[in-house]
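Here it is, the structure in full.
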């Protein structure tokens, strides 16, 4: 029963692969615009021997480091901002002004500041993901139902206990959904940054394969990073569900 | 429903004294709104007082001031002889929407207050079990609030508050979010609990019958700004029971108070889109 | 009163400018990492005479076209998917798989498909923004309170009337907040795309100024596009508030 | 409260006949749940019938089947002699949470149904004005629902439903979301409206007193799966008024029904974390 269900869920993807192959093989679309699916699979297995995994690992290291720092710093900063009003009055307008800035405009700045290496990408992802996390943690913590806080206080909880034992768990659902948006953003910035300038990583690989005219290889790179993005998101959703098991 | 006259031999903890309390809400935009206007009220030790009034009359504001959740702007409030300075476990509060911690199980919710009282572990566990039994939730110790019905949630909220053994119980329309049947059952349970261990209770409600049924005295408030319109004694000879609740004096008292409340509800209704 | 309030809101920004200038002038940070604010202002006025506005206009044309198409197609597709179950069963798993794909991986693909011109950027923004809009419209339309639909039906509304007169307005708040996320994404993709390869537009300008070592000019470009992003977001929020005036 | 005996001269539109209706919920995961088990019920033309029962007994499901919102799985329902095939303006419905269109003003909400009836413009306007006056919302025509209190919203919902002049009125705990005072006022208003133009009413509620006060007959349902436990006549000699509502027969009837409902509420409560 479960197996059938799982297979059924992947039917549309299988269908997509079949249509892709057919469209390309039948010449409905130029092979340069869309290499046949089977060619992409071949290119994928060839690339797997030629450093695809090294490039991927490099990209994931950059992405994970920047993202993890953004989550830790962002949640702390957001919650504390909501709890201590003076901080909020000073920092909030600044955040609101910087928030809608196109995050990819940071790419040339981080390159200028830090150069071409890992740290420039990590910084890019850290700064880019930080603001959405801070804002969602801030809004979540401010939106915590007053009566929960009052309940805890009337039962004798101190200020600090109220913050960590009531405000943070109560804000958790909203914080976690803010982090999900940042996770997607981390991938976008990672790939953009590596496409623009890098000497390794999956974005770099896609870039040189495309310039070298190996379109099937380029597609294989794009499919690889997309698949990783997909599983990262699914894993995150599963983790969220575990953390928020009390929501039923 | 059993007799609700409190046993006289239990030690006293002192009543509540509210003196000339005014409270103004100051919204970020727009004019300030006077919610409470010069409230004077003395509540005796172990007395069950209900506060009735139309929406927006400041009933809940008064309760929150008693709880110490909002700073006192004018006047004085003392509970058990001491002026209140903030929230404290001497005054337990039960909210309309339960205010349970949704990420904690029934047991964890009740334990929380006991942990804050720095009680030894085995005493905490024992007390928690006792109160879970008392509100008939045995078997649901490890359920999360989202898995409980409204009545069960409210029982947890009451157990959680009683567990820290407050001298005063503040209740903000505790049964307002429940359906009519559950509400009736909970009223009976509350009376039974209160008869076993009476404390001072301030009970805010919209429901005239509920107020007369439960309380020793009913305070009727005016429409905004809230003032004390009238205080009515609702203690009946021989205590409260099912027969009394169908008796003519009981029903006449309900009607009398309902007429007072209705006057104010109409004032409140015509004053704006409250 | 209002004026004081407005000035107060901009205080943190003024403070930022002052701190920026001081930090740079006092040599706390290298002038190459952070050109003094006054130099950036000078660069800005120079660039304003040297084609900044033409580049900006070009970028905005691309962004606005792609974004507008994504909103129109996305809302229609999302709402219809929610309303007609067969469509949803087929398309939904596909969308869920493609959704977490790093949108910037589309950049090399659109270049390969369409080339370097406007249409490649427009397509990039269109595809990139489409999925979030479709998904938010779909979720919003599916989440419409059943009793609203039943009410309309019991008053004699036909299926098509229920869709346009009840489902769409009821879903509007959630649709509009999904579109806001896409608006930010449009800016990110626009700048990334132009940074990677283009022969005009503000991203291109930032890129060549940076390569030419004109860091003050580069900063001026970044500040310009960030400011546009800020006002686009503010304008969008104001528009949303007008449309949803009934929420009070 | 005034007499609620319907005038006999108004033309008949036929009653409701519910024959052997069963209904099962089939959740995506887990076992199917039988919500209604073999319901048989005849409701006369212009009769006011209340349906009482514990949470989850299928009261609302029955009402939704009457409304034609869910497909009939088994059995038959006819209204005014015709089998129902879907929702229609012959059966107006009022929901607990009002179900107003929040993006439409009071006037636009009431107009909506009239537009669907393809009435001429001036008649629509006239009818809307009439019903706004009837529910005392003059002056609030251009307010959005978010600007109204709960009682006012429920008045709009009732006006909207009455405006399309349905033969049958289905009410799903219409006053359940209101506070006790507003609920009492709305009950009186509903009785007054119904006395002026009586229609067949099926009124689902949790509130025993409300059911006895309003209805000609009260149908008590069992805990899940919902069956008809008992049907009680609650018409009083001389119609309903304030005195009757305090009389011994009225209170005894309330108690009698309350005992029936309590039995089922206890069954429902012990069956799980409903």
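Per-chain residue numbering starts at 1, and chain names A, B, C and D are given in the order in which the chains are listed.
The rule is short, and it goes like this: a contact is a pair of C-beta atoms (placed from the backbone, for glycine too) under 8 Å apart; a residue touches a chain by one contact, two chains touch by 3 or more.
In this text the structure is predicted, and so the values were computed from the model without any measurement.
S.K.: Which neighbours do chain A and chain C have in common?
M.R.: Of all the chains present, none is in contact with both chain A and chain C.
S.K.: Return the distance between the CA-based centres of chain B and chain C, expressed in whole Å.
M.R.: Centre-to-centre distance between chain B and chain C: 50 Å.
S.K.: Where the centres are mean C-alpha positions, what is the separation of chain B from chain D, in Å?
M.R.: The separation of the two C-alpha centroids amounts to 32 Å.
S.K.: I'd like the Å distance between the centres of chain A and chain B, where a centre is the mean of that chain's Cα atoms.
M.R.: Distance between chain centres: 48 Å.
S.K.: Would you please write down the residue numbers of chain B that are in contact with two or more other chains?
M.R.: Residues 147 of chain B each touch two or more of the other chains.
S.K.: If each chain is a node and each touching pair an edge, is that a line, ring, star, complete or other?
M.R.: It is a ring, because the chains touch in a row that closes back on itself.
S.K.: Per the touch rule above, enumerate the chain pairs that touch, sorted by label.
M.R.: Applying the touch criterion to every chain pair yields A-B, A-C, B-D, C-D.
S.K.: With touch defined as at the start, can you tell me which chain B residues reach chain A in the complex?
M.R.: These residues of chain B touch chain A: 64, 67-69, 86-89, 91-93, 95, 97, 99, 101-104, 112-113, 116-117, 144-147, 160, 164.
S.K.: Enumerate the contact residues on chain C facing chain A in the complex.
M.R.: 9-13, 16, 32-33, 90-91, 93-94, 97-105, 107-109, 111-113, 181, 184-185, 187-192, 195-196, 203, 206-207, 210, 215, 218-219, 222, 225-226, 229-230, 232-234
S.K.: Applying the document's contact rule, which stretches of chain B touch chain D when the two form their complex?
M.R.: It comes out as residues 54-55, 140, 143, 147-149, 151-152, 173, 176, 179-182, 184-185, 205-210, 242, 246, 248, 251-252, 255, 258, 261-262, 265, 269, 273-274.
S.K.: For a test of understanding, state which residues of chain C touch chain D in their complex under the given definition.
M.R.: Spelled out, the residues of chain C in touch with chain D are 145, 147-148, 150-157, 161, 165-166, 169-170, 172, 245-248.
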